[in-house]
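Quick heads-up: structures coming right below.
Each of the next two complexes has subunit A plus one other chain: subunit B in the first, subunit C in the second.
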Partner chain A sequence: MKSWFFKSEVKNDMEKKEWEKFLVRSNDFKKIFYVNQKTKVRFCFSFMSTIIDENTLQTNILPYLLEKDFNELDDIKLIVPMSDVQISDDASQIEQKIFNGYILVTIETEKKRFAFIAAQKEIVRTVAPPEVEFSVIGPKESFVESIGQNLNLIRKRLPIKELIVEELTVGKLSKTRVGIMHVEGIADPENLNTIIQRIKDIEIDNIVDSSYIVQIISDNKHSPFPLLLDTERPDRVAAILAEGKIAIVVDGSPHILIAPTTLVEFFGSFEDYYLNYILSSFFRLIRLFAVAFSILITPIYVATLSYHYELIPKDLLSTLITSRREVPLPPILEALFLELTIELLREAGARLPTKVGQTIGIVGGIVIGTASVQAGLTSNVLLILVALSALASFTTPVYKMGNTIRVLRFPFLLFAELWGLLGVVFCFILLMTHLLRLTSLGRPFLEPLYPLRVHDFKDALIRLPFSKQNMRPQFLRTEQPVRFNKKKTKDKKQDIDE
Partner chain B sequence: MSVSIPEKSKISHFLVFFLISSMQIGIGVLGFQRIIAKTAGYDAWISVIIAGLFNHIIIWIMFKVLESTNGDLVSVHTFILGNKVGKIISSVFTIYFVLLATAVLRTYIEIIQVWMFPDLKTFWYAFAYLLATIYIIYGGFRTVTGIAFFCTVLPSYLILTFAYTVPFSNFESILPIFDHKLKDIFLATRDMSLTYLGFETLMMYYPYIKNPEKSKKWAHLAILSTTFLYTVLTIITFAYFSEGQLEKTVWATLSMWKIVQLPFVERFEYIGIANWNLIILPNICIAIWCSSRILKRTVNIKQKKGVILIALLCLVSLNFFETRDQINWLNDLTGKIGFYVNYFYIPFLLVTVLIVRKVKKK
Partner chain C sequence: MTNRFGVGLLSLFFLTGCVQKEILDDIAIEIARGYDWKEEDKIEGTMLVYNFQPDKSIKNTTLTTTASTSRELVNYLQEQSPEPLSEGSLEVFLFGKKLANEGLIDYLDAPIRNASIGARLFLVVVDGNAKELLNGNYGNRGNAIFISNLLLHNIKYENLPKTNLQLFFRDYYEVGKTGFLPQIKKIDDNKLELNGISFFKTDKIRVIDTLETEKMFYFKLLVDKFSEGSHIVERDADKAVIRSISSRHKMKITKRDPYTVTVHIKIRGIIREYTGPGTLTKKVITKYEKALEEEVTKECEALIKRFQEQEIDPVGLGFFIQTRTRGLHLKKDWEESDMYKNLTVKVVTDVKVLESGVIE
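The block that comes next holds the complex of A and B.
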């Protein structure tokens, strides 16, 4: 018995030595010895100076340990005014704790036990207005790179005990904290289990951002469509949690993931809910039209001008022919040239610093456009169409979906060149099939269009008033499908002038 | 005897509406008017309605047959004839569905070649189209149903375009009613069958319906709406063309589109034909799905492999039909076989099922 105890002690000791050997090689590892002034107990601090808050250490920890009655390890809990103080004898924890910003305290009299005091230095960007999902009306908060701050922003909006956060650590090297949030009693436990399982199964060394997780846990990893919605708006996350969906918060990422999701959700801006339902329905329809326009207009141009100019009425045809008279290129090359120019401008604009980017936008948009028409490289009709379709692609409220739509144009162009309008429809068939086959957490991506769920149309292509939104979306299979009592919201039917 | 299908790959009962109507509306719509007018003249619209009524009876019979075994065509055959013989008879239907898919695809490609692209290579277009079909079928029956759904809903705006013909129509031309012999009208009813074909695929996907009892209503509704659509279309065509003109119009529906005038579109039939891509897609998908499903049920070939096999078979057989006459022959053949399958074989199945059941009970 005694020998066993002794052995494990040796092992513990060895482990302790092992981590220390590594840590001392880093310059920012500090190991400092102190003596308590009253009891003359010698104690020692080990920590990484770069990730702990020196201020906390100097004002909230050290003075107390030096001046108060400090005899044994358990006293720390009493004398140090910090909430997160842990006492442990498990040496394997040490390394992780130190790197999470804890201070390791050991005292001379107790070899096997030690204390951890939390003193993390949180460098958190201030909460800024959302940049990707900007809205004119509505809250101006957006998430930051700290999981704690992000949870704070969400919890403020849902102050209920049913909002549960489960935490996992992902990534062998990055040890990224991933929080999975849901509202108990509303969210479907099956969805929750699927997400937790998929996140647990992640096999990767380094998670830098939540978009890594999207790509790893999506149902179809080879689809250009994003299958999890990401947002930087706390209001959106809170609303969606209340709807019965699940949010994934990743430390170090200002984008929170939402699952399961559907295609139409990517075309709904959250500002839609802040506007009157007639306006927001109109804007949603405009956006859908914009997407269709953006994908189809250049392919249709190429198809008609390459194969079916009979389609165009006489008056319009003369306009087209005049604009194309000087152009030596076939329509497909003309279209590809312009589309690629626009993509180049976009890419350049996205990579350059803001101020230079603006200049490039003007130079590209005006100078290259006009010059290429004058040089006879492209027709001005196509220039208008391409510019409009680029503009239309920016109306998509979710940035990632906007990217997808940019890319979708190119296969359509190729098929239009191959088989004209037939090719456009054929490519549409492929796109439709692909969308039909997609699922998000096993739920059909095209819902409520297919499978047809008329009830869910209230918040899809159009948005009905809040009094009609008394049921949660059907496809989420929520445990509590009723959001609120509809009867209480009903307007009293009154006669004129009563 | 019954086939067990996992719940998650089953479809809602109302989707049967789209499965049946999308399968019925295919290539026949584009040119059936001339064929039925050949025998019954301008009384042929009566034949369209009569054929529709017959379809209701056949659908009713189909549900009766299927309910008896609670499975598909293969389980009905094995119920009647025992395992081995039943499977042999069932596998014959593989060929029938291949024929159906081939006839539709070849005729469609012919229309493209005649109206839009004289140089379109039959092989390459069919190749691409069948690849898309394989991609769809790989998504499972729910995807196939989804295609049927979208390919019914999205092109439905085309119905409106026929309103353009109304100002140029003379509805008195269908008068006098009943100036043809009853026999002629019934002959036209038979000729109508190719246009109506396709709902026999119900015999294969029946086990995939979540609530078969409720789906009956939707199946009948589908038949009703196609009958209505065809009757309206026939009457519009008869009012638009004179009898002599119609005789020379192979694709009457397509020709009617020539009158459509929009401020930005001159020849609407191009858009119509391109859109028809969508309309024939469920025809081909469901037929090939049924065909490969039979293969899976009889010879135990995995459906993943079966689909490729069937698609290859279609692709090869497509190339044998080059001229108008050959394609016409293919269509006639499919029409005839379909006619006998639907209107004779399926009622015959019901009778046999009832007899076998009585015998087995004793």
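The block that comes next holds the complex of A and C.
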């Protein structure tokens, strides 16, 4: 009997199925046979041992299949205490399911049918405080590299049935799971359809991070400006979904994309909402000033010193001339030299391990700064300006926009050298025409400045108190433009004792 | 589309030569210029050039030459300068008294035609020689800054009416108005003083009269407004200093054929110093108010008489009447007839002392 059994098993096993041919070449592919102790049904597990959770298999699946009444495949749904059990007769699914962490169960008696039990092993980093968009007050959660965990973080903040996640798979090789989230009844379906269509149309082999998706589905792929906002804060995503925007969650990426977005949104830190509206409006204005300062100050220095000496106040002339007395370079080379030095420092600081990185600060700040002034290569006035503009460029809360601002300074410098302030103005016009033409999901990027939407200023350059924020942004064309009843907020709540 | 844009952008780079480059430390920044009469049809020009010392102090460096026109003069001076002379930062233009008496029209063309020279440039008449004045050493921020600060402070707090290149030429081109400029004098090598206001005849922009320093207060009341002035009022042997004077003037045509213009001058001030018998009661204050009213009326009317006799009109009475009279053609009706000479001007002054200090 035993030899017959064995023979039959071998024989059975020798008939390698089409889908197995490749799988068996991987060492972590496992195929194990078992016999139910009650019904003596012989069944077989096939799975990739590296991506399933063996613990689940040993405690939640195997004991039940061995000891309970197990006659046919449909019984699995009843006896195994797992939520994701699928019965199918479609052999083409097998490979995909196995690589998604399912365990394939087959039994002798039903050759054409298969059962899949989900037992994915999730190696998830613990939820850490946000590093890029850190805030002193407010929640200290940030997204991790797992789509499941990320959805969990968002759903906890919006526990409503209207929050819908649609999942797509992108990438011929990576098979990356991409979830598109929106709140039904608020978000404009047009936006949703645009995103779904664009993501479906993506033709690429490998998606590693959400930044790939940004670059592929942006309205203008040749713009230095990011056209989708990315964030690592669940609170921001939840707030933005409630506003009627759409979030794109990509598996393996701790950054979630938000669309459509506008330029001013990149200069609002989410901490703005945790502070009093007067403070946050002030900080927003400071940030905008910092951006303008960071882009324009060195070009203006170069332009005035090369072309418009008559604009310099008489009291400042002596400071400027004496500080440039020793400098052999014309203003443009002097400025480029310092700007490049700062860029080098920043780049080196970003690439080096944290511990070594500290020395870069010392080397940059003290050695290069002071030494180049003493050596007479740069004037100390410019050194101050460049340092200040570097400092100002760090105030941008969204890292990607900060990078854009870093780069923008150089065309401005070039134009300042070519035509002085006229060139700066010309470059500014070029920048404005570019910004005016940009769209995010077809919605104007410069809104509410252009097209002018006065109502949307409540949360743009400044932030008004929450009682004034009762309407959703106009440019989103939400299905439900009213957020809450403003009348109820207006009444001053009377104390019960009065 | 992108290609066309790129070509357009690239072609712009061929235009780079169209802008003249003047790097700050490779030019000689001219900050003041003086013209003097040398001989018939020759002028002597002096340029004050910024010269910064390594310790940030400023040395006064002047270049001087003689030429027949002001353009020629600049060209000759370029030959003396190690770096190109640039006119963009000019603060003051000085004219020697003798040249001003001859007429300045040929020398004022340069500053109004050059776009890089600011409209707030000061034009000044020098009582004496401009070259000598520029060769002095005043203050520690350079002579030009010294002169312009001297004028600025006198305009803001003292009795000099607002004046600069733009205002002078507004008056010059206005029919029915003539210009005036401040006059300064060198006292010694380290000192200057503001010593009057020169009035110009429009024809060749030549000085016809100079107002004494004591009368400048009344002149400013007529043409400008005070916001921070001060004035001493004398009554018999007593004196009171009125400070924080603010004033407004308003003109009205009260009668036509012949024209009568009434100038209402409103003065508000605070008594800060008083020397006299007894305390400063309300009665006494009223007396001082009356005294100042009479004084201002008398002096202002005398000033206008003086202008009428010399056929100059720095107050702009002719211009004022034209704005209120339909069909009056100033060039024809005014300047060629005796209308200005026969004009009657009345000055009505209203003085109020708002405070008289705290000590009773």
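Note that in this section the second predicted complex is superposed on the first by the 474 of 498 C-alpha atoms of A that agree within 3 Å, B and C clash if a C-alpha of one lies under 4 Å from a C-alpha of the other, contacts with A are read in each partner's own complex, and residues count from 1 in each chain.
Convention: a contact is a pair of C-beta atoms (placed from the backbone, for glycine too) under 8 Å apart; a residue touches a chain by one contact, two chains touch by 3 or more.
Given the structure is predicted, the values throughout are model-derived calculations rather than measurements.
With subunit A as the common reference for superposition, the partners subunit B and subunit C occupy clashing space. In the superposition on chain A, A:313 makes contact with subunit B only, not with subunit C. By the touch criterion stated above, A:422 is placed in contact with subunit B and with subunit C alike. In the superposition on chain A, no contact is made by A:288 with either subunit B or subunit C. When the shared chain is aligned, subunit C comes close enough to touch A:331, but subunit B does not. In the superposition on chain A, contact of A:321 is made with subunit C only, not with subunit B. Legend: residue contacts after superposition of the two complexes on their common chain; A:452 is shown touching subunit B, with no touch to subunit C. When both complexes are overlaid on chain A, the residue A:305 reaches subunit C alone and has no touch with subunit B. Residue contacts after overlaying the shared chain place A:44 against neither subunit B nor subunit C.
Clashing C-alpha atoms with subunit B after superposition occur in a single stretch of subunit C, namely 165-173 (options considered: 21-29, 39-47 or 165-173). Comparing the two complexes, residues 307-308, 310, 312, 314, 419-420, 422 of subunit A contact subunit B in one case and subunit C in the other.
On subunit A, the positions that touch subunit B within their shared complex are 307-308, 310-314, 316, 419-422, 424-426, 428-430, 432-433, 436-437, 444, 446, 449-452.
Of all the residues in subunit B, the ones that touch subunit A in their complex are 12, 14-15, 112, 116-117, 120, 125, 128-129, 132, 135-136, 138-139, 142-143, 146-147, 149-150, 263-267, 270-271, 273-275, 277-278, 281. Within the complex, the subunit A residues that touch subunit C are 304-310, 312, 314-315, 317-322, 324-325, 327, 330-331, 418-420, 422. If you check the complex, the residues on subunit C that touch subunit A are 13, 15-16, 19-25, 27, 29, 31, 50, 52, 54, 56, 58, 86, 88-89, 91, 116, 118, 141, 145.
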